[in-house]
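All chains are identified by letter, namely A, B, C and D, in their written order; residue positions are counted from 1 within each chain.
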Amino acid sequence: MIEAPETWLPTAIAGLVGLSLAVAVVATAWPRQAHRIGLFGALAVFAWVLGLSALFVAAGPEAEAAATRVALGGWEAPLGLMLHLDGLSMTLLVLTAIVALATSLYSLGYIHDRIERRQFWPLWLWLWAGLNMLFLSGDAFNLYITLEVVSLSAVALVAFTGTAAAVSGAVRYLLINILGSLSFLMGVVLLFGEHGVLDLVLLEARSEAGPTERMAAVLMTAGLMLKAALFPLHVWLAPAHGSAPAPVSAVLSGLVVTGSFYLLLRLWMGVFAPLATPAFGILIGLLGVAALIWGSAQALRAGRLKSIVAYSTVAQFGYLLVAFPLMLVDPDAWRVVVFFAVVHALAKASVFLAAGTLQHAAGHDRLAELGGVLRARPRTVFALGLAGVSLMGLPFTGGFIAKYLLLEAGLGTILAGSVIGVLWVVAIAGGGLLAAAYVLRMVAPAFHRGPERAGEAVSPWMDWVPLGLATVAALAGFAGTLTLHTLTLTPGAP
Amino acid sequence: MIANTLTVILVLAGLVFFAAGTAGLLRFPDVYSRLHALTKADNVGLGLVILGLMFQAGGPADILKLILIWVLVLAAGTTAAHMVAQRTWTHGEFESDR
Amino acid sequence: MNGLAELAHTLAPGLLYPTGGAILFAMGLYGLIRRHHLVLRILALNIMGSGVFMVLLGVAARGEGPPDPVAQALTLTGIVVAVSATAFALALVVHLTRLTGHAVMLPGPPDDDAPVEDISREEHHADGGPAAPHPDQDRNP
Amino acid sequence: MSLLLVIFDLVLLAGIIGVAWRCLASTDLFRAVVLFITFGLLLALAWVRLEAPDIALAEAAIGAGITGALLLVTLERLRSIMAERHSGRPHTPPPDPSGPHALLRALHDPPPERHSFFPALIFALVVGSLLVTALWHQPQSTGLEPVVDAHMDVSGVDHPITAVLLNFRAYDTFLELAIVLIALLGAWSLGRHDLIPARPAPGPILPGTLRLLVPVAIVTGVYVLWAGSHAPGGAFQAGAILGAAGILLVLARPRQLPMAPGIPLRLGITAGVALFLLVGLYGLGAGHGFLGYADAWAYPLIILIEVAATLSIALTLVALFVAGRPAGDDA
């Protein structure tokens, strides 16, 4: 007799944390074999996450809110720490597993210097473990600690090539991250002072629209916006993402930024829900429109391939902000926003990986001189294009479904009589056009006439992984129903 | 009562030495005389404060800890003063010291 | 006299120290915006952090009875995190100074079209860092 | 009496804020760092006043002590780099006559521009006053103290803060150890070309003092570690004290730094997290939950974890002070 999935779920959740930490610790202690430990660890964590998601979906309708919470050390909140798994965190865990596995495979080919490898793998495995723990955390202070694990390892990964551009980007990134963390922590402290608990579920039950919640919301939102590089607090992003090694850029733009956004969503759907008013939604939406325009303009102007991709992250996250006012009108829209973030993360990671392959082959990533390599590497260009098509939102891709659903929600707002809804619809449609413009800028040189230049030899991992990930991003549309269904399993959400 | 009075008198006396040392640090013209004022006055001052606190100690273990603190501060302070003086002797004074 | 006693009661540590912590936090923020040298910016962030800890410990000391041990444990954790981040930040600053000759975070993003060294290529070696420093590489006038 | 305490509180807070202000307004970095160390020591006094002796110990050892040492050695490194760049030929340490003057040039931050004064001031005032408003509206609750108190008998230790750190919220503490480790991995990934630029003064005084201080520091560290189960103290404070002893040793003879062996060093810095994780996974397997202990085993396991954590923290702090990756690590 097989036991019901929900009895295994708590052990599987704690086991995921234990496994991802164990991989990181072993790689740190034994750096000589770090790349092998990393490869097997990546496969193991990936398999574990898939198994966990199967368990979760199987337990789905029966899983009460209590079944998805795990008391660490046997201590229930408010005394102890609780891990917290729901549809939202499950979706992001699966996303993380896919992007992280692809990045790990790609890094096998990309980082082959013996000494670089020893530095890269332990930090990267810590970053992955940190992301897993971030998505599973259900405690306000523990969220601060996991955020620090994520940001310190991310900064170290930006800096570890040791070049002037990378170190300069890393310093800026680190200071911004510390500032964001401190601002977040001050919010946590305010909430703790008011309510005397740290557990998010308990906090949600006690929160109201008082001065503490208002100030905590301001501090924590500002801190997370700094970390997520949401407009207007975005200036650090392009230097850090653009100068990091390709697999690191992919993870930063695909996952780390998404992690901060996840936390914003979680807080505003939970603890700060009483504060969400239409005026606030419109303010955030306007910031989103500004981000969309500014990011796209920079992406259209930038001279380097990776800078274009980095600025497009600012623009695409503008989209997520535009969706905030829609969420206040149509409570169901949040699932679409998450789905959009998932598709964006997949596509953005594959674009960065493809850009890394081209940069490796050419020895630089200046767009003006990249034509020969682009012509000689149709597979990589195809990956770039396929992921780009998903970013633009052309039909049959994951990006299309996400943008279509967002547009639908926007039109719903207009029909509900909101004039400013027109702006959101124009922004969502126009953003797709701008995305098309900068994606075409990236791939256009491939179609010009001119000599081919294969450049430096590229390992098979670097050749195929971006294509595989881009395919996943494009096909994500077919997983849309499943994702949206998983997201309905979030207790407390509409 | 007598113990309390002794404590107050000794700690106050210690504070006078600290005040004198600080005045020396601020008023004396060069590094050597400043060190001279600071280390001597402060070591005596700390000794008096600790002697005063001994009358408040709960047992011999506390008294021993207090004495240990004084000995360690003496050793550390003396070494630090020596190194500052030596650095000044070989490198000259800092501009901002004048 | 009665008024003084009441004032003393109002200004209990549970109120006074959180206020001081808030002032330190705001002051650190001010310093962070105004000063340019990276070491000073790191000091400003540390002062902000101390402000947060002061609020937390002040909150823990509120009310009657012994202080809240959870808040104190969180502060201890926070101090260790702060020193780790500071140590790493200082290492980055030293490295940046070695490469560029300055320890100042310049306003505005660095030049997008500056050359980027590619670590995936054979000729790159991590042993001793880059051989030739580029003095003003990431300056953006 | 209570009025006197209020006056003391006000004077202390004014001192802390004043020193912080002078530190942030200073144009001379050396002065700013010294003021920052003073700031840390004053904070320790404030923590004692808030009935937090553990935090005061940690602030003095980690916040003021270790951070201060890190800041001072950073200034020394920056000075040495600048002196090298100005003279145009590589040499460490720089020639003596240029020492203090190069220091003054390199470690100087000009006063901030006028145009950022009002925006920054208004921004800080708004944030500060909103924070104060929120804090003054809060209830005077006691937080989680009663909950912790009710569970002390099954925690395995007698000191509430150690119980929270290593039992009730052990996950946070584990991640805290991980963060110290990640900071070191990050610093190591930058390269291995770092020496301590300061030269020790010749003569018998420094070695003699070290012969006295280092054993005392080791005894104190072990005592603070052991005391943590029933009184203020614990792994982090002990690790900081031992780390400070290590830093003193490094400072005293930078030229003859013993070549740190690769594998034992790696094992040493990861011992804390590795042991913690093993115990945690064992708890998961044995049915006490991840990072949980059987009540009877709580005390010995907590002590075991604390010993390993102390060792790792001390080693990591010394390594962060040295900053560069030891040559042995690449072997």
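One rule holds for everything that comes next: contacts are C-beta pairs under 8 Å (C-beta built on N, C-alpha and C of every residue); 3 or more make two chains touch, one makes a residue touch a chain.
Since the structure is predicted, the reported quantities are computational estimates derived from the model, not experimental observations.
Comparing each chain's Cα centroid with the centroid of every protein Cα atom identifies chain C as the most central. The interface holding more C-beta pairs in contact, when A-D is weighed against B-D, is A-D.
Computed centre separation for the pair chain A/chain B is 57 angstrom, with centres defined by C-alpha atoms. Chain D has its Cα centroid 32 Å from the Cα centroid of chain A. With centres taken as mean Cα positions, chain C sits 25 Å from chain A.
The residues of chain C that reach two or more other chains are 18, 25, 55, 59, 62, 70-71, 74, 77, 81, 84-85, 88, 92-93, 95, 126-127, 129, listed in rising order.
Among the residues of chain B, none is found touching two or more other chains. Looking at chain A, one finds that residues 115, 119, 141, 145, 148, 152, 155-156, 159, 162, 167, 186, 190, 192-193 touch two or more other chains. Touching pairs of chains, sorted by label, consist of A-C, A-D, B-D, C-D. Interface residues of chain C facing chain D in the complex, by the touch rule stated above, are 4-5, 7-9, 11, 13-20, 22-31, 33-37, 39-40, 43-44, 46-47, 50, 53-55, 57-77, 79-88, 90-95, 97-98, 101, 103-104, 126-129.
Remark: chain B residues 68, 72, 75-76, 78-79, 82-83, 86-87, 90-96 touch chain D in the complex. If you check the complex, the residues on chain A that touch chain D are 11, 14-15, 17-18, 21-22, 24-25, 28-31, 70-75, 78-81, 115, 118-120, 122-123, 126, 133, 141-142, 145-146, 148-149, 152-153, 155-156, 159-160, 162, 167, 186, 190, 192-194, 196-197, 210-212, 214-216, 218. Residues 18, 25, 32, 38, 41-42, 45, 48-49, 51-52, 55-56, 59, 62, 70-71, 74, 77-78, 81, 84-85, 88-89, 92-93, 95-96, 99-100, 105, 108-110, 112-121, 124-127, 129-130, 133-134, 137-138 of chain C touch chain A in their complex. Only residues 28, 30-31, 96, 99-101, 103-104, 201, 203, 205-206, 209, 212-213, 216 of chain D touch chain B when the two sit together in their complex.
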